[in-house]
Amino acid sequence: MSATRRITYREAVREALREALLRDPRVFLMGEDVGRYGGSYACSSGLLAEFGEERIRDTPLSESGFVGAGIGAAIGGMRPIVEVMTVNFSLLALDQIVNNAATVRHMSGGQIAVPVVIRMATGAGRQLAAQHSHSLECWYAHVPGIRAVAPATVADARGMLWTALQEPNPVVIFEHATLYNDEGEVPGEGELAVDIDRAAVRRAGDDLSLITYGGSLKKALAAADALAGERIGCEVIDLRTLRPLDEETILASVRRTHRALIVDEGWRSGSLAGEIAARIAEEAFFDLDAPVRRVCSAEVPIPYPRHLEEAATPQVDGIVAAARGLVRR
Amino acid sequence: MPALGADMEAGTLVEWLKRPGERIARGDAVAVVETQKGAIEIESFQPGVLREIRVETGARVPVGEVLALIDGEAGAAAAAPVHATAEAPARAIAAAPPPRPGAAAEPEPEPVVLSGQRRVPISPLARRLAEERGIDVATLQPGADGTIGLAEVEAARAALAPAGAPAARAAGERGLDLAAMRRAIAAAMARSHREIPHYFVSSTLDLAPLLAWLERTNATRAPPGRLLYLVPLLKAVARAMASAPELNGHYEADVFTPSAAVHMGVAIAMRGGGLIAPAIHDVDRLDLDTLMAKLDDLVLRVRGGRLRSSELADPTVTVSNLGEHTADAILPVIYPPQVAIVGCGQIVPRPWVSDGGLVVRPTMTITVGGDHRVSDGRSAAKFLARVEALLKTPEAL
Amino acid sequence: MTAPEPHKVRVTREHARELLRQMILVRRFEEACIELYGAQKIRGFLHLYIGEEANAVGVMQALTPDDAIVATYREHGHALIRGIPPTAVMAEMFGKATGCSRGRGGSMHLFDVSRRFYGGNAIVGGGLPLAVGLALADKLRGLARVTCCIFGEGAAAEGEFHESLNLAALWKLPVLFVCENNRYAMGTAIERSESVPDIRRHAEAYGIVAEEVDGMNVVDVEVAARRAAEAVRAGDGPRFLENHTYRFRAHSMFDPDLYRDKAEVEAWKQRGPVVRFTQWVLDTNTLHRADIDAIETEVAQTIADAVAFAEASPLEPVEDLLRDVYAPRPAAPGAPAS
């Protein structure tokens, strides 16, 4: 097997798309500006030239229409990968995703499978203000019938897509927009496949469990580094799959560390962090040595100026401070 | 009527120390109660004015009954009853008095009340571990932030170790505060009584073959090398555990974990009263001389207050042997999280049927106390039969 | 019912000077933005209007201060010509507290309700239903006001476009729809995104009178906008303008602009609204070179002042992070009627 390589998250997504198109003739990519433009985040550049317009389909700006068409094509025997530019825009397609993709299997008594993969960028951090910066993963993670995943590492960006395409259910993949330029290791050929079921322990530690996903992972890891200097050991858990949650990994860690800090760029109210906190309280209450804490986004639409955007979203300092509080220092 | 000990079900009110209309400060003794263990003052944790006495002197009162009403200081209309029950979640008698060494008081884990009447926040983990380790949370000091967490429980556990002696001992050889240990046992016994559905199965065994073998063996030895009958008895019990693994292990968080090793707790009387049951490890694998040496060592150290904390923490099953010139049988109480205890009465000559004829034999009544959540009487019966078989050929032990 | 009289726009020297000044203001302002973006004073997305100035300038001539405007994320020109001070627009681009949206919105979200400028909307098609609603309110309140809704041809593919046109026509609402058809929805050419690329025909399908306009010619735009606004104000229901135009710059910063020919861009630049109108005013002796130089000097000073103002303005304190999420409640709610 070939050795590991360092590539960017963007390159990882592109390689994964290319691999899927090469391996499965039923796969096609569609979305706004995925073809000529090369993808709004340049994840599909070069693919139009290689695979042609039938399989790399530029769509009009009609999210409900083309996402719904992806769902229909999946029902019709294809394996569509639909790219929605950002999670904010996906709200225009929410009807199709929630009312069709998530329900038809059940409504039809199990007759219909919807093997569609819907990718979208999510999150703040680039000063794009309140219509391009939100983290609405939680809304999708709320819906039975959908699998929601958030690759936080380059290896997961490379490996999750193929696994998602093997899934007979709709999978929504959230790519945090601040990750595309990040470099990371990917395994050699033949070792690229990853599961989309389990959370990953990205760093081991004994004093508290730092539970996070997506764009917040690197902040959590940076916080864990800082805390290690204070002899506070953080176990950093990357959820990877937001629905269904890997409760087992979360609870096993919390039962060992007795303290949980959840970092979630979504707003605190009704957040995924809230769901995780509730499950910890339900299942590991008697193992807790401190109240569960959350570092989430402030209850405000993401503002444009840098200093306010930073203040509104989880940052390393805030994570470190919350962790210190948890271990009572 | 507060529960002043785990085994206390009622007390007789012998004297009121306060009269209606009198002011009561927090911690004031308000009455004297006669229990099985002597007269004990009852203190109030509710400041205020004694409004009404509900129980006259001389009355026998079950635990949990209201003894008197106290009007709260804030002028609250509601009167706080002076009472406590074992299960009351926020009782008036909360911060238990410091237990008196060797005396009767056997405080149980209690919800913590900080002075000023605010509940001290205690983490769920700390509360659970304190209970499991027999630490009374009322004795725990909050940390700098005013809360009680894992750190405070562990500090308390460490503090249990030195027996009021200079801290000159090595960590692994730390002695134990026997009074504190006794309190821990008390809490554990209370928990056992509360949580474990016990069953008891007894057999009376003919010990003639064992004693005959012992006599022959000891005849060849110098006095310091002689074996006590307890030694082959322990070995037989330990080996018989293999026939009933559901009696050997720990039950925690609704799960029974059987133990491959047999770490046998041996109940030993302490100076100043009470019993303690530290463990001898791997009894089923020790030869009798080694077991004898370990037993000697253990008894010496118990009496000298020099136990290792691990010896208290990890027995997988316990034997309680009444010894000579005591009583015929015992219904023993399991020490949680263990799931069984074996009680041995004194050796007593009894009429015995042998080969259809009546003879006199030295006998012992052995009683297994089992945890019905894990095993049932059949396990104990099978186990006893195996003990009997092993004791018939003591030379094979 | 007769068609309204075509408006005659008499381009006086003063009016010509004003049209040119406005187009140059927008052009120079955005050129300054490019530089300031490079200097990281302006962040996030920056969508430039360069090449399309005739549309904002022409359409705004037809609107009164009472009329409302709903625009897109490419709205610097509309905001400036509507009269939002360049200082407030630039401060907004800088994210400063003195910006027209207190710095919260940035380039894509310029708002000034005192001038009935209902914002830069950055969800394609998102402004159309909003405009329909503003017009509905005017109609219900009996106000003869126009809501001018500006959007690109990319929006025509969204369901919201169709739903909004239908509603406006069905209820005869006073909306002036202005489609600035610059031929590319980000990187997708209109031929690749529309089965019927003539956008006005979509409007006609809903029974809305629609007109095709040379969006590179400021006078043409003004004439068409006045005609349409007049009809809307008269209560004839919505009107629709399809302005053919072109952006000379990429969709936004970070756009390598690989989806169109350089030659195509060059050809459109020859028809550029500023260059063409300048040529016309000089050719016709309406204005002289010195007039134009004076405009440039004036505009340069305006922009320098705006940048200085934005630079000097304070950032909003972090403590105010949570403001303006909810309106404060009115002081004392009245007792419910029994």
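We just call them A, B and C in the order they show up, numbering each chain from 1.
What we mean here is this: a residue touches a chain if its C-beta (ideal position, glycine included) is under 8 Å from a C-beta of that chain, and two chains touch if they have at least 3 such contacts.
Because the structure is predicted, anything quoted here is derived from the model rather than measured.
Note: the chain lying farthest from chain C is B, by mean C-alpha position.
Here the chain pair with the top count of touching C-beta pairs is A-C.
Of all the chains shown, the one with its CA centroid nearest the global CA centroid is A. One inter-chain figure worth recording: chain B and chain C are separated by 84 Å, centre to centre, where each centre is the mean of the chain's CA atoms. For the pair chain A and chain B, the distance between mean C-alpha positions equals 53 Å.
Spacing of chain A relative to chain C, judged by their CA centroids, is 36 angstrom. Within the complex, the chain B residues that touch chain A are 123-128, 143-145, 147, 149-151, 253. Those residues of chain C whose C-beta lies close enough to touch chain A in the complex are 43-45, 95-96, 103-106, 108-109, 121-126, 154-155, 157-160, 185-189, 192-194, 258-259, 315-316, 318, 321-322, 325. Residues 32-33, 36-38, 40, 58-65, 88-89, 92, 126-132, 298-301, 303-308, 311-312 of chain A are the ones that touch chain C when the two sit in their complex.
Contact residues on chain A toward chain B in their complex (touch as defined above): 258, 285-290, 328.
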